[in-house]
Each structure stands twice: as C-alpha cells, then as structure tokens.
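Same chain, two partners: chain A is paired with chain B first, then with chain C.
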Partner chain A sequence: MAKRQKMSSIKLADISENYLFILPAVIIFAIFYIYPFIDIINLSLHEWKGIGPKVFVGLRNFKELMSDKIWWKSIWNATYITLWALTFQNVLAFMLALACDREIRFKKFYRVVFFIPPVLSQVVVGLIWRWILNAGKQDGQYIGLLNHLLDSIGLHHLTNDWLSDPATALTCIAIVHCWMGFGWGFIMLLAGLQTIDKQLYEAAKVDGASSWSTFWNVTIPMMVPVILVVVILTVLGSMQAFILVLSMVGQGLVHHTDVPVTRILGAMQGTKEFGYACAMGVNFAIILIAVSALMKMGSNKLKQA
Partner chain B sequence: MNGYIIRRNMRYFVLHLFLMSVAVTCLFPLFYMIRCSVMDNQTIFTDKGILPSVVNFGNYATAWVDGNFGTFFFNSMLYTTSVVIGIVVISSMAAYAFSRLSFPGRDWFYYMFVIAMMIPLPGSFVPLFVLMNKLHLTNTKIGYILCMINVGLSLSVILLKTFFDKMPSDLEDAARIDGCTKWQIWWNVALPLARPAVAVIVIFNALNVWNEFILAQLLLSEEVHMPLQVGLMKFINVHTVNYPIMMAGLTIAAVPIILLYLAMQKHIIKGLSSGAVVG
Partner chain C sequence: MKKIIALVLLVVMAVVGCFFWGCGKKPVNTNEILIWHWMTDRHQAFETLAQQYSEQTGVAIKIQLFAPPDTYSQRITASAQANTLPDIFGILDKKEIFADFIKYGLVADLTDEYKKDDGAWEQAMFPKALEVNRFTADNIYDVKPGIYGVPIDVTNIQMLYNKDLLEKAGVKEVPRTFDQFLAAVKKLNSVGISGLVSGWGEIWLADAFASNYAFNIMGEQKIMDTYQGKVPYTDPDWLKVFRVFKTLSEAGAFAEGVVTKPNKEAEQDFALGRAAFAYNGSWCVNVYHDMNPDLNYSAMLPPKMNPDRPMKIWGGAGSSFVVNEQSAKKEQAIAFLKWLSAEKQQAYLARETRNLPANRKALAAIPEVLSDFAKVMDNTTHPTIWKYNELPKVTEAFDKGLQSIVIGEKTPKQVAEEVQKVKEREMEKQRNRQ
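Then we have the complex of A and B:
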C-alpha cells in the first residue's frame, strides 16, 4: 500500500513537471488570446464608451450594423481589393511561376527579387507609394513621380490626384496591395509546379499534345490543391488588409477607402464606441469564417472531381 | 534547325523581358526611396534626374537625431530580439511536451492552439487594448512584448510540434538513459536538433515583429517606447512636407529587414515552399 502511494506520487510529480513545459505558453495564450476572444463577444453586446458603466443592449449593435451603410461599403471595398488580388495578383504570380519553372538563367535572382516587396512593412510600402503618387505641385511642376512622368511624356490630361480622387484611390491601394502580395503566390505556386513529375510532361509530348493542351490537362489539374491554398490565403489576407489604407491615405473623414478593420479602428479611437467596434469585429469574423467554410466545401468538391 | 534555335532564343528573350520588367517594378520604388533620401528639401522638387546631382547623407543624421529615428530603431531592435527569443523558448517547450511527454488533456491543449490559428479575429485589438489598460501595461515595453509573443505563439508551436513528431528520438532516449532530466534533454538535445524549424520560426517572427504596426500604435503612445513603424507614421502626420528626412527614415526602417531577408532567403523560401506543398 505504501509502495503504491509512493509510486503514484512519483507519477503525479512527473505529470505535473510535464505540465510545466506548456505552462508559459498556456498562460500567455489564455491572457492574450482567449480572454480577448471572450471579451470581444461580451463587449459586442454592450454599449460602452471605454470608460464608465457598460450598458447591456443585447443584439442592438448588430441590428444597427445591418443598416450601417458605411460598414457595408467598407466590406465592399475590401471585397474590391480582394478581387484585384485574386485576379491580377494571382494570375501574375502564376505566369511568373510558370516562366521560372524551367532551366532558365537568373532564376535565383528573380526568386529573390520577387519576394522583396512582401518582406517590407505595409507602412514603408504605403509611404513610398504615397510619395510616388503625390499630386502636389511646386513652382508649376509636379512633385509626385507618376504625375511628373505623365506630364513629361505629354499625357498631361491623365495626371490625377490619385489618392484623393474617390474614383482612383481604392484602385491605387488595391494595385499596391497586389505589388506587395504577388511574391507570396509566386513562391508557393513555383514550389507546387516543381513537385509535378516531369515524366508527365514528356508523356504528353510523346502523345503529341500541344503545350496549350498540356497546360490545361496536366499542369492545371496537378496544381489544383496548391491553387486552392493560395486562393484561400489571398482571400483571408486581402479582406483583412488595412495598414496600406492607413499609410497611403490615412484615416480621413471620407469613407471611400474605408475597409472593415479601419472602420473598427475608427469606431474605437474616433467616437469611442467600444461596443459597436466589437460588434463590427464579430460580424466581420462571422463573414470571414462563412466565406472560408464555403471555399473549403467548394474545394473538396473540386478535389473529388 | 536554325529556325528552331532562333525561335527558342526569341522565346527566352520574351520570357526574360517579362521577368525583368517585373523585377524592375519590384526594385524601383526602393531605389527611388534611397534616391530621394540623399536629396535636400529644394532639389527633391527640382532635380528630376534618375540619379541625384548632389548627394547629401546629412538627412540620415537629421532623421536619426532630430526625427528621433535612433530611439525608434533601438526600440524595434529590442522588441524584435526579445519577442523572437521569447517565442523560441516558450513555443519549443510547449511543442516538446506536446510531441514527447504525456499528460492528461495533452491533445486538447494542442488543438486549442491549432483552432486559434484557424479562426480569423479581425478587431481583436479592441478587447486587447481594453485588457492592457486594465493591467496598466499600455505604454510599457513589457506589455507590447508579451502581446507580440502571443501573436507568434500558435504558429510556432504547431511548426515545432510537427518537426519534433518527425524527428527520431534515439538521441533523446540515449540522453535519458545517461540520466539527463527532461529540461536538459529539451534544451541540450531536442532544441539543437530542431535547428531548421527554429530558423524558420526566428525569421518569420523577426519579420513580423519588425513590421508590426497596429498593436504598437494602440499600446505605445510615448515616443520613448515607439518602434520604427509607428515613428514613421507619426513623423508623416507631423512633418508632412519634409520628404527627404522621411525617405531617410523609411530607408532606416527598410534596410535591416532587406539585409536579414537576403542573408536568410534560402530558409524563407524553403519554409514557404514546404508550407505550400503540405498545406
């Protein structure tokens, strides 16, 4: 009996020592992830100005959100950026990956250079492009590089106040977003292309397939899993992008470049509506989870087919 | 035959033209940033040559001292190193336990990290800011460091656990027979063997912390605590007209990360590629 007790106390000490290994990670995770996770849902059901008493209002914040035109406009803006990223950015990335998936000179150089924009911060990138797209004039000459170039090659009518004009501001942000992002897609797609067995291409060649039909019947089907990963990551990343908006145009009073996360930030810092800001966060999270679940279901169908 | 070679060369020419033009598009804004950082507040508006006629490195000194970029730079360095060290130690401990040790609820704790990885939570900075206020950790370096350790934790735990799972445990078993404690095995045997995975974690977290903006902006409102990214945004909102100094500041923020990337690009591309193929 005494022996068994001793055994079990050794075992208990052993197990509690094992818990010590995960303790720091679990503590940090509980404080900085789980607690805010619960609190964002809790706060979304309250009206609260950041100080003073919290007033429980149930789902009222969410009802208000449904008819908040600026909110839905911001979601459309994020969707617009995402559509640019899905088409322009990913098609470019795929074309570049196809071009590099062969014995070609300077391959390493291209691979290194294409991934430079993604390692920079969105603040740095946004501020550089803001300077290039600057619309100001000094002594009758354009300050910004783009307008200056357009002016000097005789396309004066195309010069524009790129980042203040509601017609162009969001598109500029979307294009810079693509400039930053195509390197990710390129690296992942190239890695996928390189796993395709080269014998498949040779077999297709022997069968007399044109390079176009090889592309559609060999490359694309083999690449479906990687393309799906890239698509899902692009959607989740682009919908939540917002720092470029802050660094390129700032948080103005006009809403034509607002995306959901800048709206959340605005509600929190500007009007100090913490409850409403949290409701926006929860609402947007639900949308993102629904979209990624739909994409997951769609991709399972594609994989079976 | 000759026609074939010409056609093939044409194809390579077009291919390189395409790749080169994209490469130039990637590099030009950086070149332009450096070009503008060595001009002064007059020539930046008048000098339109591709290379500046007068080179003036004084902007860097001005940015470093008057623009306070020296402080921002050291803060960024401090945050990056301490968060990366914190993440490597804490996540490797947890990952080692999830992979090698047994205790009740082990899988549940691990799934917690996996699920956290998969749920997008935009706007989580709102409750986090509220929490940090309650804990009196806003405007403290330690508060920001702890937040950033949490940001990188889940992915690092998952990556390392996957690596440990694939790693043979012979050496660890030998160490155990020789009488090493679990802590000694984790630190002296398992962690050195996991070097490739640790390298990936170090690089990605270093990039992430150096470039992080939003939490730093919310939590640190005093200049003595600000990292570069926040300092830059503050600078442009205050001195909107001093472009050369701002370009010098941007260069100070961009160059270290580009150097780190160039030194480590093999690991980065390998890490990403394996992620793509596995994912």
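Then we have the complex of A and C:
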C-alpha cells in the first residue's frame, strides 16, 4: 500500500514537472495567440468603430458577409493567385530544383540567384514590377521595360496598360507573386531531392528504366511528403498575399484585384467597421482551416496509397 | 526534483513578470510634453522648434514620429482604448471619429483659449483651417460647440500645369473652362505629351476630383440632399459628374495607369515632365522641389463645367494637433501649441517644409507657387466640415464606379444605377438598425 502511494506521488510529481516546464510557453501562447483569437471572435459579434462602446449584434456581421459579393470576389481573386502559384510557381520550382540536383556547372550560383526574390521586400518587388509594367511614355518612348521591349521588337500591338486593365491586372500580380515565391519551393524541393538515396536511381538504371520512368516511379513517390508541405505552404501564403497587391495597384483596380486581407484592412482603416472586419477575419480563418484540413486528409490518403 | 520545480517556477515568474512590467506605463518625465505625429517631412523642423521652445521656457518637448499615417491612426485608436495617449496628438479620421474622441473625454476644448485677448489666437488663423477643428452649435454629432484642435498648416488640392509643356504643345492660355481643357489635351496628345496625372491608386484623390465637379455642377445643397437620401445618384446632375470622367477618358486626358497609380509615382511623372497637368495637394510644392527644383509650373482650379457656379476644391487644415484632455500637463501642452502656431514659428515651418502656414500673418514667408494655393483658400471645402457625409460603402461604390468609367468598363448610367442601389441597401440597413 505504502509502495503504491509512493509510486503515485512520484508519477504526480513527474506530471507536474512536465506541465511546469511547458507553462511559460503556454502562458505566452495564451496571451499572444489564444486571447487575441477569442477577442476577434468576440468582436465579430459586435458593431464597433474602434473607440467607444461595442454594440452586440449577434451574427449580423456574418449574415451581411454571406451576401457581400465583393468579399466572395476577393476570395476568388486570392484563389486565382493560389492556382497560379500551385501550378506555374511550383512546377517552375520543381524543374529548377531537378536541374540543380544534377551535376551542372555554377550549381551553387544558381541556388543563390533563385533564392534572391523571396528574400526581397514585397514592397520593393511590387514597386520594381510597377516600373517594369508601367504603361506611361516620355518623349514618345515607353517608360516601362515590358512595353519598351515589346515596342522595340516590333510587337507594338501587344503593349498594354497592364495594371489598369481588368483582363491583365490580377494575372500580373499572380505572376509576380509566383516570381517572388518560387525560390522557397525551389529550396525545399531541392532539399527533398537531395535526401533521395542515390542507390535507388542506380538500381533503376540497372533495371533499364528510362529517365521518365525513373522520375515517375522513383523521384515522385519519394518526394510526395515534401511536395505536400510545399503545396500547403503555397496555399496558405498565396491566399493571404496582400502587400504585393497594395504596392502594385494601390487600393485596387475596381474590385478586380481585391484580396481578402485588403478587404479586411479596408473595413478597419477605411470604413472603421472593426466588428465586420473581424467577421471577415473569422470567416477567412475558417476557410483556410477547412482547406488545410482537406489537404491534410488528402495527404494522409496519398501516404497510405 | 525540488530544485528543478523551483527553477521552472522562477522562469515562469520571470516571464510573466517581465511581460506585465513591459506592458505597464513607462516612467514618465513629469516635466516633459510628449507629442506623437505622422509628418515625416516636418519631423526635423518640429525637432528644431521643440529645442528652441525648451531653451526659451525650460519645458522639455519630446517629439515622436509614427509613419505612415495609417499606422499612426491605428496607434492613436489603440492608445485611446488603452488610455495611453500622449499630451499632444492628431486625429486623422473623419469628423465622426473626432467627435467620438471628444465625447469620450480624450480631447480638450480649446475654445476659451482661442477667445482670450479678444480672440487674438483665433483671428490669427485661416478661418478654413479652424473649421475642421470646430464643432458648430448645430453639429450632428452631439458634441458641445467649440474649437478642439490647433491647425499647423493649411492645404488645398488643385490642378498644376507645366508651363514648358503647354508652350511646347502650343497651348497659349491656361484652360479655364472644360472645353478649353479638352482642346489643350488634344494639342498635348498630338505632340506625344500626356494630359492629366494623379495618384488615383489612392482612391480618395479621385473622390476629391469628382466632388469638385459635383459642387460646380449642382452646388452643396443638392449634394447634402443626396447624402440624406433625398436625391438619387441617377439624377441628371450626378450623371453629369460621372460623365466628366467618361469625357476626359475618351479624350485621352488621363495619363496611362492613372487609376492604379500611387500619388508618389504621379508626383514623379509630373515633376519629370511626363504629363502636363496634375491633380495634387499643396504639399506637392515641397515634393516637386525635391524631385526637380527646375520644374516650371503653377497652380490652377480644375476647369469649370458649369460657368454659373464656383469651383469648390477640397482644402482646409492640413494637419492639426489636439490636446489630451486627461493629460496632467494640459496647460503646458496648450501653451506649446499656441507658441507653435504663432507667426514666427509658422513662418519657419513654411520656409523649411514649403507648406501653407495656418497662421495668416506668416504668409509673407511662402514661395511663389504656394501663394497660388493660398489665394484660393476661400474656395475650399472638405467632407469634415460638411453637415452630412455619405455612408462609407456608398462612397466605396462611387469611387470604384469612377475607376470603372475611366477604364471604359462601365457607362456613367450603369455606375449611377449601381451606386444608387448600394445607397438604398445601406439606408435600409441603417433603418433596420434603428
């Protein structure tokens, strides 16, 4: 009996010790993450101008949000940028990672060059691309590099006001976003490629497998976990992109370039609808959590397969 | 085991203690007046003046800059919630929010100070500059009538023209009417010069331009009636306002990319001679001087559409400070602002920062181009002094509609109908809330 009591007190002490060790992290997490999150949910149920009393309005902000066409358009715009990033950006990153994984000259130089765009400030990148896509003229010459280039090679009919044309503005932003983001994917995919055991490739070679067959049956299956991480990070990063949008098209071209975060910012800074902005934030968080959960389920199935 | 638990507890207490200690108010120098501002271009001049004031009076002034204005505004709102506002600060929001600050006891009423010595302080200022800080007896915000802020400078938004480019295109006279403006644009375009550039990527500037023409076409009363819901946006006069944008767009008057252009880029375009006209505020004098000191330009009112009504432009107090009602150093803070808005200090600020002074007596110190802006201060108006303001979502629909017209996506009629639809929906929402 005494022995059992002694055992349980040792176990209790062990458990308390464990909890005590994680307590500082829990406190910091609660103050900086859980409290703001709960407060945002609370604010989303109120009408508030940022100062003065909060008026409880229940789910009214969410009800209004459901019929807010501009909000849903901004979600679609972010999805459009994400689709570009998932395809163009990640395919490019994978191709370049495959190239740099081989024995080629200046391999280290390419690695550095490809990683430059992601480490640049989004504001700087946005402004540089604004200059490249500038449609203005001075003394009859295009100021923007792209139009200047098109004009000088005889493709004047292709010159355009890229960022003020609803048909091209969002695509331009998406492409610049991909240009900025492919470096991250490149580094992660390259790291993944380098962990693949080279013996697998040698075995495939001995078996007489073609390059395509080796890629499809060796590289891709071994890269699935890394690809999934890259896909999840791409989705979360692209859906929340907004600095690039602000620096390239200011407060937006009508609603063609609105993304969820610029709508949330507009509601907080422009119209001072803090409650509505928080409702947007909660709604957006739910969407992102749902998408992440779906991808997680998909990845589990893929791993099982 | 005990040692480990004691160590962990110590760490927890240290972390929590540091956090709460960090969150608490910093020790305050009781003799120091703390000012928060957002004016990057004026920071150095403020520092110099603060130093002078400290030497003259022994009162220390600490000036802290938080830019850009959006960040500053967020900081002020957060500090108001936490009751940690400095002794002197600015409110960059619309009048409704300014009124809230007053109602919650965060802004001091300066009326008695302005009235002292037979109203000497009040009379020294441009009346338009004070209007932004004044709440009249019939204000709709339920604020006690009075003056609650101190203007540091005045500003207005006009059109600028590049004299050399107009001459190059053979435009002999500065256009005064809309038709003359269109004719000038035609000549400019024929020699490859862009017409009007402005930073409408910051959409309030397009809103201001439309507002100028609304005042010129229909006058203030009808605009206020529209905001109250008595006149629809589909009214022929509003259609005329929307058509101004269509006409200018079809005539090739706008520089390429005007709808998404940040104002800084538009300023660069005008300063470097890429466009003959600009629509910009009086702060541009300082900006253009830095970008191209040799720029040969002048200011003009936007060309009239309706010759029978005046062209009203946005203007008034450019930047204003208020005093924290809860500050223990309220009296010293007011004394400093009185000193800062006096003739000598205002002349110094005008010289150093090329902004229009709020003190009329300091006008002699301003550069020639700025005097073009000063001359039309009587023609200014601003949403913050209007009796009614449009609902935010209607303003958004209106401004985005202007963009749609400029890029040729929608017609003025379509935009007018869409704005009216939003107006009706928002008014319905307001009625339901009441």
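What we mean here is this: the second predicted complex is superposed on the first by the 269 of 305 C-alpha atoms of A that agree within 3 Å, B and C clash if a C-alpha of one lies under 4 Å from a C-alpha of the other, contacts with A are read in each partner's own complex, and residues count from 1 in each chain.
Heads up, the rule we're going with is that a residue touches a chain if its C-beta (ideal position, glycine included) is under 8 Å from a C-beta of that chain, and two chains touch if they have at least 3 such contacts.
Just so it is clear, the model here is predicted, and its values are computed rather than measured.
> After lining up the shared chain so the two structures overlap, which partner does A:117 touch, if you call chain B first and chain C second: first, second, both or neither?
In the superposed model, A:117 contacts chain B only, not chain C.
> Of the two partner chains, chain B (first) and chain C (second), which one does A:280 touch, if any: first, second, both, or neither?
The answer is first: A:280 touches chain B but not chain C.
> Regarding the shared-chain residue A:245, is it in contact with chain B (first), chain C (second), both, or neither?
After superposition on chain A, A:245 lies in contact with neither partner.
> Which partner does A:85 reach: the first (chain B), the second (chain C), both, or neither?
neither
> For A:166, is the partner it touches chain B (first), chain C (second), both, or none of the two (neither)?
It touches chain C, and chain B stays clear.
> Residues of chain A touched: more by chain B or chain C?
Touched residues of chain A are more numerous for B.
> After the superposition on A, what does A:270 contact: first (chain B), second (chain C), both or neither?
In the superposition, A:270 touches chain C alone.
> Quick check on the superposed pair: does A:49 touch chain B, chain C, both, or neither? Answer first, second, both or neither.
Touch status of A:49: second partner only.
> A:132 contacts which: chain B (first), chain C (second), both, neither?
After superposing on A, A:132 lies in contact with chain B but is clear of chain C.
> Touch test for A:260: chain B only (first), chain C only (second), both, or neither?
Touch status of A:260: first partner only.
> For chain A, which residues lie in the overlap of the chain B contacts and the chain C contacts?
Comparing the two interfaces on chain A, one with chain B and one with chain C, the shared residues are 17, 21, 24, 28, 31, 50, 138-139, 143, 250.
> Quick check: in the complex, which residue numbers of chain B touch chain A?
12, 15-16, 18-19, 22-23, 25-27, 29-30, 32-33, 36, 45-46, 48, 90-91, 93-94, 96-98, 101-104, 109, 112-113, 116, 119-131, 146-147, 149-150, 153-154, 157, 182, 186, 207, 210-211, 213-214, 229, 232-233, 236-237, 243, 246-247, 250, 253-254, 257-258, 261-262, 265, 268-269, 272-277, 279
> Can you name the residues of chain C that touch chain A in the complex?
On the chain C side, the touching residues are 1, 4-5, 8-9, 11-12, 15-16, 19, 70, 73-74, 77, 80-81, 93, 96-97, 100-101, 103-104, 192, 194, 199, 201-203, 255-262, 265, 269, 272-274, 392-393, 396, 400, 403-404, 407, 409, 429.
> With touch defined as at the start, can you tell me which chain A residues reach chain C in the complex?
13, 16-17, 20-21, 23-24, 27-28, 31, 49-52, 64, 130, 134-140, 143, 161, 163-166, 169, 248-255, 266, 269-273
> What part of chain A is in contact with chain B in the complex they form?
The touching residues are 15, 17-19, 21-22, 24-26, 28-29, 31-33, 35-37, 39-40, 43, 50, 92, 95-96, 99-100, 104-106, 109-117, 119-125, 127-129, 131-132, 138-139, 141, 143, 145, 148, 152, 179, 183-184, 187-192, 195, 226, 229-230, 236, 240, 242-243, 246-247, 250, 260-261, 264-265, 268, 274, 277-278, 280-282, 284-285, 288-289, 292.
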